[in-house]
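Naming follows writing order (A, B, C and D), and every chain is counted from residue 1.
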Amino acid sequence: MYKVGIIGGTGYTGGELARLLCTHPDVEITSMTSRQSSGESVSSVHSFLNGYTNLCFTKTVDYDVDLAFIATPHGAAMKEIPQLMERGIKCIDLSGDYRMHDVQTYRKWYGHDHTDIDNLRKAVYGLPELFRNNIRGANLVANPGCYATAVILVCAPLMKADVVEMDIDIDAKSGTSGAGITPSARTHHAFCGESIIPYEIGTHRHTPEIEMVLKAFSHNDPKITFVPHLLPIIRGILSTCYMRLKKNLTKEDIQSIYEDQYGKEKFIHITNEASIRAVVGSNHVQISFRIIDKKIVAFGVIDNLVKGASGQAIQNMNLMLGLNESSGLDLPGLGV
Amino acid sequence: MYKVGIIGGTGYTGGELARLLCTHPDVEITSMTSRQSSGESVSSVHSFLNGYTNLCFTKTVDYDVDLAFIATPHGAAMKEIPQLMERGIKCIDLSGDYRMHDVQTYRKWYGHDHTDIDNLRKAVYGLPELFRNNIRGANLVANPGCYATAVILVCAPLMKADVVEMDIDIDAKSGTSGAGITPSARTHHAFCGESIIPYEIGTHRHTPEIEMVLKAFSHNDPKITFVPHLLPIIRGILSTCYMRLKKNLTKEDIQSIYEDQYGKEKFIHITNEASIRAVVGSNHVQISFRIIDKKIVAFGVIDNLVKGASGQAIQNMNLMLGLNESSGLDLPGLGV
Amino acid sequence: MYKVGIIGGTGYTGGELARLLCTHPDVEITSMTSRQSSGESVSSVHSFLNGYTNLCFTKTVDYDVDLAFIATPHGAAMKEIPQLMERGIKCIDLSGDYRMHDVQTYRKWYGHDHTDIDNLRKAVYGLPELFRNNIRGANLVANPGCYATAVILVCAPLMKADVVEMDIDIDAKSGTSGAGITPSARTHHAFCGESIIPYEIGTHRHTPEIEMVLKAFSHNDPKITFVPHLLPIIRGILSTCYMRLKKNLTKEDIQSIYEDQYGKEKFIHITNEASIRAVVGSNHVQISFRIIDKKIVAFGVIDNLVKGASGQAIQNMNLMLGLNESSGLDLPGLGV
Amino acid sequence: MYKVGIIGGTGYTGGELARLLCTHPDVEITSMTSRQSSGESVSSVHSFLNGYTNLCFTKTVDYDVDLAFIATPHGAAMKEIPQLMERGIKCIDLSGDYRMHDVQTYRKWYGHDHTDIDNLRKAVYGLPELFRNNIRGANLVANPGCYATAVILVCAPLMKADVVEMDIDIDAKSGTSGAGITPSARTHHAFCGESIIPYEIGTHRHTPEIEMVLKAFSHNDPKITFVPHLLPIIRGILSTCYMRLKKNLTKEDIQSIYEDQYGKEKFIHITNEASIRAVVGSNHVQISFRIIDKKIVAFGVIDNLVKGASGQAIQNMNLMLGLNESSGLDLPGLGV
């Protein structure tokens, strides 16, 4: 059994890591930190873990682990990671701190300088279906953003096949758990509960992340117009991606492109109708599409807390530790 | 045109007062105060008022009004009201400060002493269908709690007719707007959005309020067990009231009791199935009931922000100013 | 008082017409038809109308009216309207039967021939803010589709000002009341209640309607890619419209274009953040926008049952009968 | 590997059985029947099973199984079960057909005669925490109703300890998945999506079921007043149970009673605040309670499709087949 630690265990992604890891056959959570809940038992804070863990939250990081998940807010991770890395602990960062390869882009979108440029250079972008081999050998993995996951998996195969123009409109919709556990005006039920709220229009940090990764699959500079919307649901993301086809292609042509890319993937399914409910609670992704004249509208759905965060982090962990990639994650979505 | 002021205009009940008053034929809102938004235009804070008001929020209270609504949190109202009352301004308090006639009960349930006992003695409980005549002559009206409205209107006629036992179980459910505009852990969408959450079980402040009012309709001491639940909807309260019949009564007997009490009321309807959606957005109340052996289960529904707060306050205002009681309120609920 | 009839009164748009008309100062509903509920009182079917009408549903149409609203499903309206028109009754059709000027387009998108071509030629498209003068003199008005309203009002001013390209992506989201009162697999709560569901992708009938109307404001053929999504809310539409700017324009430029078009409109507001809740229950529209490089993303929100259907129909009625255009509709949205 | 069949596989409980069984280590689903979808692949109907099953739905029952789950509507099960039983196939009926021991009670509440009285006499009520030993040896198990599970587990220990009166008020709330997959007026999103709807008040079939089971734990005849409410959520039941204490008891006394009964149970947890979200997706139960003077208000939460239906059925299967009772079910709830 590998020992793993969770740094920042009281939030949604920390709790979700614990939910998924507590039945994982090959690893054991041996420590979870929390500033506000240190000393409390994990199952008193996350009552769904009743019967699954006897851990208490600690204030200080336990370095006696093989791998650490960092589930702290942006900016905090790059303070923890250097200390973990120099002790030889493999790290998976669920924040945005190590996603941008370019420090200028980081500064522009995150509003401050990066303070751990050495490790930033080593960080591998943790989207297993596209960067599996790099992740296997990595010591530091930057876990992708939830929206980024739901968009990149949809668009990258079409970019790679060179069948779409660079100018893409992305209309993304996310459940409220994506905003984290801290109450705010936007996630106040009476505000968002019977509405859909566009926000950070053209200014969301996943924009450069998506462009950076898609560029790796293209001969050109992708330019996405990205508009996230807050949905009155808890879990789930739907990305509706509007792309212009370079030439006339049939449904079968596109189907082939996706099947070539994802046909053997455990967690990605090309379906006729991508359904959020079909993937909720699971690490699965569904992609569907329609051709309308010279455009393709493609849809991606994920559970933002699983494939969009903690599940994908565990998938990365499995690769980094040489375990079966789907270990602990091989469960269907709720469906209903 | 009467001039009215709203003290505490940025919250939900303040905004709802403005929504209903901006089309009222006989009164004009001439001032709205707000601590955090003073100086801002009302319609920039409440964008639904676009085109309906040119007011800006002020910090200080404008005493050049005929009547003031106090829509501040509990505890703040009893600081404002003495100053308004001594200037001869009629007051309607939407907080709980003037509801309890008994200072001991107030201290016990609100956790601090009452600082305006003189006015407390003069305050009239503002449930028009039961205390209409008192309200007409009042200078200070304590607007009932939202839950209290939804429970008292259901139970009082049966108490008055002396057909039910004193021991009553009340299972109440409220939309999240009842919790106000300030974000909190309980009203965070990802926490409450797909759940129903019992809270303040046996400790909610509307408990003594309900008992106090029902006692006025009974020869005995009513004892209610009151359990509020937070619903994942925005507007609306359903109270499910479990009462024990003193003798066998038919559906027709109960129907008569309610019709005798409410048959001529504009806003109260005895229906076969009380529906929250039928009253949402309006000042209407629906009451329905079923007899099950020796018990009666009766249901009351209201819009917590209208009949449960601001609409009822306007109904009280109409009575206090000698206007048509339903003026500005005579609109059906949304239905869908 | 004008006499008006509602043909098809049990559905959501029929009930909404009654909700809004029952307090209208200048007209009186004198008949409502219903196949399945004929003989029943209207307020037993629509309990929110309790106290507002004593009508019973009839099976046969009452021709003793000045104006009739036809709120039946597509295909049924063109059977009723010839008989109303030949009796000189003004008609407002809330279905899609008279929206397409071109019979070929009608056949292609509605799947059958149009059987009332004479009246089709006379029908005026009932979007008052854009076709007010035509509506004033019309005897037959085709009330716009809900999505079409939320899209056309956003895009038309920019088309007219010739600042955007013809190729537009429209990501539209609607509450479930837009699907009508008949239960279906898609509107089953356990299916749609925690999800967002794209449907009729590229095949929705509002597509040619939008293109037809936008073409009237452009020198060219607009080509919209229209993807509707079902939201887990009851009332409200948000349309997110992705347009390419022909040249660099500032926020102020766009603001001017909208203000020039809508500055004097009662029901249209250019806001910083368009909010569904701000317009729910009302006939108001909010439009907001952001410029992102060479694109503009513009948002429109309406209540699909009011400005998207019955409210707009009443606005049309007011124009056709020479009444004040906002009569009976001059109320703010719920806000919360 | 045991072979199991699912009769009635297109509904929610059928799909949920497949969801949970497809990763069960000791059994294999070898057949699923469906009237309307026979011939179709299971994963095309239940897309969440993509990658987890290659089965197609069949019209006829496959008798080459060790155990069959009957997930058909009430009335249909008692036609299938005699044929399965005479072939020596163990049966778990998820409908209400075999829950009532008394044929008169069955007729009264289900509206028709029971046609398989022989097997009815042999049927064991499948609530493992209370009837584990009987289930182990059973060939036919009647899986409890969802509401019944959420109520009986809460009340039985207090009945058994003889600390509460027989007269109990139960206010139960269920998500819409409890109503099954067939669309209806009540589960139409625009009807139920922003409301809470009491239904079958005093007439719900789980009433006699609860009374029958509680009687087995009492020296007297329990009399419950049971009011179910439809909640605008998909999964989850909360039962709020109002009981009168026979004598003064402390929180610790009640805690002891529950701990004595459930302290060693894998799936039952006595918590300070029972949370639906903590158990959603899982077979877990949370129970919490408060003492208010001479009453106890106790709460039970379950996922109606898991512990309230398919999960409990699998728990029963594990017992009947001699497997580890929690096999395939040992997962925490979603939490968020």
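To be clear about the criterion, a contact is a pair of C-beta atoms (placed from the backbone, for glycine too) under 8 Å apart; a residue touches a chain by one contact, two chains touch by 3 or more.
Quick caveat, the model's predicted, so the values are computed rather than measured.
In summary, the interface at A-B recurs among the listed pairs B-D, C-D or B-C; the equivalent pair, sharing over half of its contacts by residue number, is C-D.
Farthest chain from chain A, judged by C-alpha centroids: B. Centroids of chain C and chain D (each the mean of its C-alpha atoms) stand 45 Å apart. If each chain is reduced to the centroid of its CA atoms, chain A and chain D end up 35 Å from each other. Averaging C-alpha coordinates per chain places the centre of chain A 39 Å away from that of chain C.
Residues of chain B found to touch two or more other chains are 12, 177, 190, 194, 232-235, 273, 275, 277, 336. By the touch rule above, chain B contacts chain C in their complex via residues 12, 15-16, 19, 22-23, 46-52, 177, 194, 234-235, 266, 269, 271, 273, 275, 277-279, 281-282, 284, 286, 305, 330-336. The residues of chain C lying in touch with chain A in their complex are 169, 171, 173, 190-191, 194-198, 201-202, 223, 225, 227, 229, 231-236, 238, 240, 242, 273, 275-277, 280, 290, 292-293, 295, 297, 299, 336. Put simply, chain C touches chain D in their complex at residues 12, 175-177, 179, 181, 183-185, 187-190, 192-194, 232-234.
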